[in-house]
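What follows is chain A paired twice: with chain B in the first complex and chain C in the second.
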Partner chain A sequence: MAAQTRPWRWQFLFYPLILVGLLILPLVVTNEYVLRIMIMIWIYSVACLGYNFIMGFTGLLQFGHAAFYGIGAYTTGLLMTELGFSFWPALAAAAAVTFIFGILMGLPALRLRGDYICLVTLAFGEIFRVTMQGWQSFTHGQMGIVGIAPPSVFGFRIVSNFHFYYLGLAFVVTSFLFLTYVANSKIGRAATAIREDELAATCLGVNTAYYKVLCFSIGCTLAGVAGSFLAVFLSTIAPSNFTLGETVLMCIMVIVGGLGSLPGSILGAACLIFATEFFRQVYEYRLLIIGLIMVFVLLWHPQGIMGIRAWQRHEAEGGD
Partner chain B sequence: MAPLLEAKGVSVYFGGVAALADLSMTIDKGEILGVIGPNGSGKTTFINVLTKMYVANEGTIDFKGERIDHLPPHQITDKGIARTFQNLRIFKNLSVLDNVIIGAHRHIRTNFFSLFLRPGHHLSEERKARRQAMELLELMGLSRKVHELAKNLPYGEQRRLEMARALATEPDLLLLDEPTAGMNPGESMAMIDLLRTVNQRATLLIIEHNMKMIMNLAQRLVVLNAGQIIFEGTPIQVQKNERVQEIYLGKEET
Partner chain C sequence: MFIQQLINGISLGAIYCLITIGYSMVYGIMRLMNFAHGDVYIFGTFVSFMFMVTYKMNIFLACALGMLTGALLASFVEILAYRRLRHESRVISMITALGAGFIIQNGEEIFWGVELQRFPSVFPADTFTVLGLNVSTVQLFTLVFTFALLAAFHLFLTYAKTGKAILCLAQDITTTSLMGVPINRTVTIVYALGGFLGVVSGILYASAYNVISISMGFAGTIAAFTAAVFGGLGNLNGAIVGSLILGVTQSLAGAYVSTAFKDVISFGLLILILLVRPMGILGEKKVERV
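Presenting the complex of A and B:
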């Protein structure tokens, strides 16, 4: 992994320091608005970590990430409001359901060539959103699911932004460690081998179909976990939370942060969330500005802030 | 003794053209077999058929007494056949060490579940794979470059890296597609010595255009032309054979 290709010694100190800073932050900054922004960064970070595992590590195109984000959110929301589940079992169920949907989506899609995967996953994302909109009896359509109860940790109810901040941070750290562990195992190596050269990977005994589906599903599961957290944080979810625009936003976060870099995903999420908030004054031009950010990143630093490879190469070689 | 690999009546057609026509050959355990022939004679196609990159239209392939021609490519590697490519296919953006460790994929038993249920087992397997990869890189003379990105190695070292990676699968049979392509004479000579060392670990099938090198190295040569074996024998017999000379030098006008 990247761990062996770059000098990482300084980062062993660097990451704990950042973590300490982030732990202290809400004690210093008590502004609710800032805290909400930070929480949104945590949610997007978890989703983007998964996204990066699919696109940056395994080299697969995915344009239905918001659908998996949504599946996680809806699973949690429905289980908690309809069946009275508490958060943690609902979270586990959301992870399991997105993992299974990842496999179901991956099995047919990943047999296709790179650019077609893109179309199939894109279609899946839209089908999901339209289904959630139309299935009134099950999902309350456009109204969405309301009144999702706040979670509790060991009997301690998470209600304020201050609490959600720490819970979100815990999710990010856990997801980060989880993916770092997986990425440095046989699975992560198989994933990067597939990204670099699928044919050569096959010839080294890697069952590429199996690992593509597995890694795709792992990435989707993290989107589901992020969605699950989103559901309890907002307490209301609707199809409009899971549009194609969300997928595009996450995609830009991953590219800006750097394909193939897990810390980059978090950094990318932070940059884009700050940017969208910063330009809230000129709301109509927000997407234009984000687009410009992406163009400049691709022109001047195509591998993103912390990435190890350029987006162009990825595009040219697709998933073949 | 049964041969290590036995191909019987293998034919491959591309459209109407036969890239391999009813080709049968055996490879014995421990030997260095050279496959030579003009461009387009089907040498690389044969390797591609053995590793299931192409599906043969006809014929069977037995490896260690077991039919393998119906297996998918990664399972063929599991059986103990590894290969290198004519146009290098190393993992450019990974470190030299990671390139080789990926070769150990089939020896690492950890899966997604045992990764979390038995982390200790996972770590010991990783350490073992890493140690073996270091040994192979030492053998290939790359031990000082383990942390470099593969794409930053000079060409000759990339070739050796690809070979180390294939050896990490611990193959019984290693298929080498032009291991000295693009090398200067000095590098080619060094490669001969290296391949003799590699031969202690695996049976070798080598495709080569460099006659001097292959005559020096191989114990047995198979000469292909237009998808058929036209001659088979020791390097000396091949050199003396008139049909082989005809193919390489053209027919003498009478």
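Presenting the complex of A and C:
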């Protein structure tokens, strides 16, 4: 809310400048490895934006995000390889399917308290992964889906990392603008009300059940879109792409970046991906270093790098 | 066959009990999902393993040292990673817990490597037949041990001053602190107890299956989480019931369906139970206060 009452003038210039910088970046840096890392950051950013909308804006705990990411990827992969769909209809189908699964998973959220929904979503994620592993005839089990065709935009085929970079950036910008719009709409206000105090929200006439499921599904849909992009980028997907470890990684990105802050999610994704890549050289100590970063960032700044302070159970000490 | 699997399941459930109790107790007091719990217990188990195998130490002394390490490590993690975040949103300490877990995992990797290793039998490996059913001494010891520890723990909570303080904390931290209970010390004791019980169960598990590996850490966390939710988070009797259900389900599913799907089946059962009883089997319906 503070952001609406206090206009940050520098913000109006800040984001366009960053965007321009990111648009120029691949023209300057032509290293394929760096581009690949950047593309992975775009994919995780889209998924994390959705994750943050569920956890940071609506306050629902979610531990099955990788499953929705996987549902998007598998829908796209199967439609494109088995039924010969092109990318855009497959993307739309992936978004629709994840949205529906989001509703199916969000419905138990109505009955369960926060921590129980956390385990139910975790269980859903594991069930999804094991099913994808075991269902040989449909998903080719452990081998996964191979040979997913690259997408094309207005007849222009996206093949190189250079192309994927811009497509990924477009995905991130679109998701970012979409969620900014949603967060400032009636839905976003309802979500914030539910997060802050569900009972109070009900008393004010917010249909909490409806908005909880809706917000959950919106977040899951973004994971599906990210998964869809992952499928065409890697052209091969397997159950090992969608483990609980992936969910945990996204969760860390969102929380280190800052709950309730959309730019924070992108920043968090960038930090974690860079950290994992950077510390690949000291492979034996990478978990140690990442663990230390997690603990000390949060001890120093409990709301994450860019998070809002509002979301906590105890009253803030003074201030607004 | 069925009863045989039931016995195996109960002994597996008994092992889960000890991990779950520590987990559920922390949850009951701090409302924290302690994702470092599994890593702490497996670290302690590795320490006993090291003393037993590398230094050829007396088995009981090695086990005791492992349990002590578990207790110390758990309290250390609490002081370092959770204490300052107690008044922040709970998800924050969930992530520092994960971070602490990563650090411990990395330590295990450096000290003991990532490979699966053979854990020596702590108990004499023997099998005897009762009414046509095979019961191994390990299972028997596990059951006796778990029961004795649970009984001791129950007595501790009911009669000891610290035990009573723990129960009070679970009800209301602020009020308890007003009654003069040293909050920080008691919370640390809770974590230490959880770590201690966890290592006991780790040793029992490792010697029952004769393996030890790093991956057992996170698997233990998930098992404890699942069992705790089955029974009702934060409820200690529920933790026991939940662990037994989890053990029996996994054992039966492994025997009758397939070992690959045993987790799917226990998770499926969990979702069903939660749909019928959202607060877990023994959990109390919480009245939301304004």
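Following the convention adopted for this analysis, the second predicted complex is superposed on the first by the 300 of 320 C-alpha atoms of A that agree within 3 Å, B and C clash if a C-alpha of one lies under 4 Å from a C-alpha of the other, contacts with A are read in each partner's own complex, and residues count from 1 in each chain.
Rule of thumb we're sticking to: a contact is a pair of C-beta atoms (placed from the backbone, for glycine too) under 8 Å apart; a residue touches a chain by one contact, two chains touch by 3 or more.
The structure displayed is predicted, hence computed values, not measured ones.
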(message) A:Leu292 in the overlay: touching chain B, chain C, both, or neither? Say first, second, both or neither.
(response) second
(message) Going by the contact rule set out at the top, does A:Tyr181 touch chain B (first), chain C (second), both, or neither?
(response) first
(request) Please indicate which partner A:Thr276 is in contact with in the superposed arrangement: first for chain B, second for chain C, both, or neither. (result) neither
(message) According to the stated criteria, A:Ser152 is in contact with first (chain B), second (chain C), both, or neither; which is it?
(response) neither
(request) Please indicate which partner A:Arg189 is in contact with in the superposed arrangement: first for chain B, second for chain C, both, or neither. (result) first
(request) Return first, second, both or neither, reflecting whether A:Leu199 touches chain B, chain C, both chains, or no partner chain. (result) both
(message) If you tally the residues of chain A touched by each partner, is the higher count for chain B or for chain C?
(response) C
(message) Between chain B and chain C, whom does A:Thr236 touch in the aligned arrangement: first, second, both, or neither?
(response) neither
(message) Need the overlap of the two footprints on chain A, from chain B and from chain C, as residue ranges.
(response) 199-200
(request) Would you tell me which residues of chain C are touching chain A in their complex? (result) 27, 31, 33, 80-81, 84-85, 87-92, 95-96, 98-103, 105-107, 109-110, 222, 225-226, 229, 233, 260-261, 263-264, 267-268, 270-271, 274-275, 278-280, 286, 288, 290
(request) Please name which positions on chain A make contact with chain C in the complex. (result) 55, 61, 108, 111-113, 115-116, 118-120, 122-124, 126-127, 130-131, 133-134, 199-200, 244, 248, 251-252, 255-256, 259, 284-288, 290-295, 298-299, 302-303, 311-314
(message) Taking the touch rule as given, give the residues of chain B at its contact with chain A in the complex, in rising order.
(response) 51, 53, 72-74, 77-78, 82-83, 85, 89-95, 97-98, 101-103, 105-106, 108, 110-112, 115, 122, 125-126, 146-149, 165-166, 168-169
(request) Under the touch definition given earlier, write down the residues of chain A that touch chain B in their complex. (result) 1, 4-5, 181-182, 184-187, 189-190, 192-193, 196-197, 199-208, 214, 218, 260, 308-309
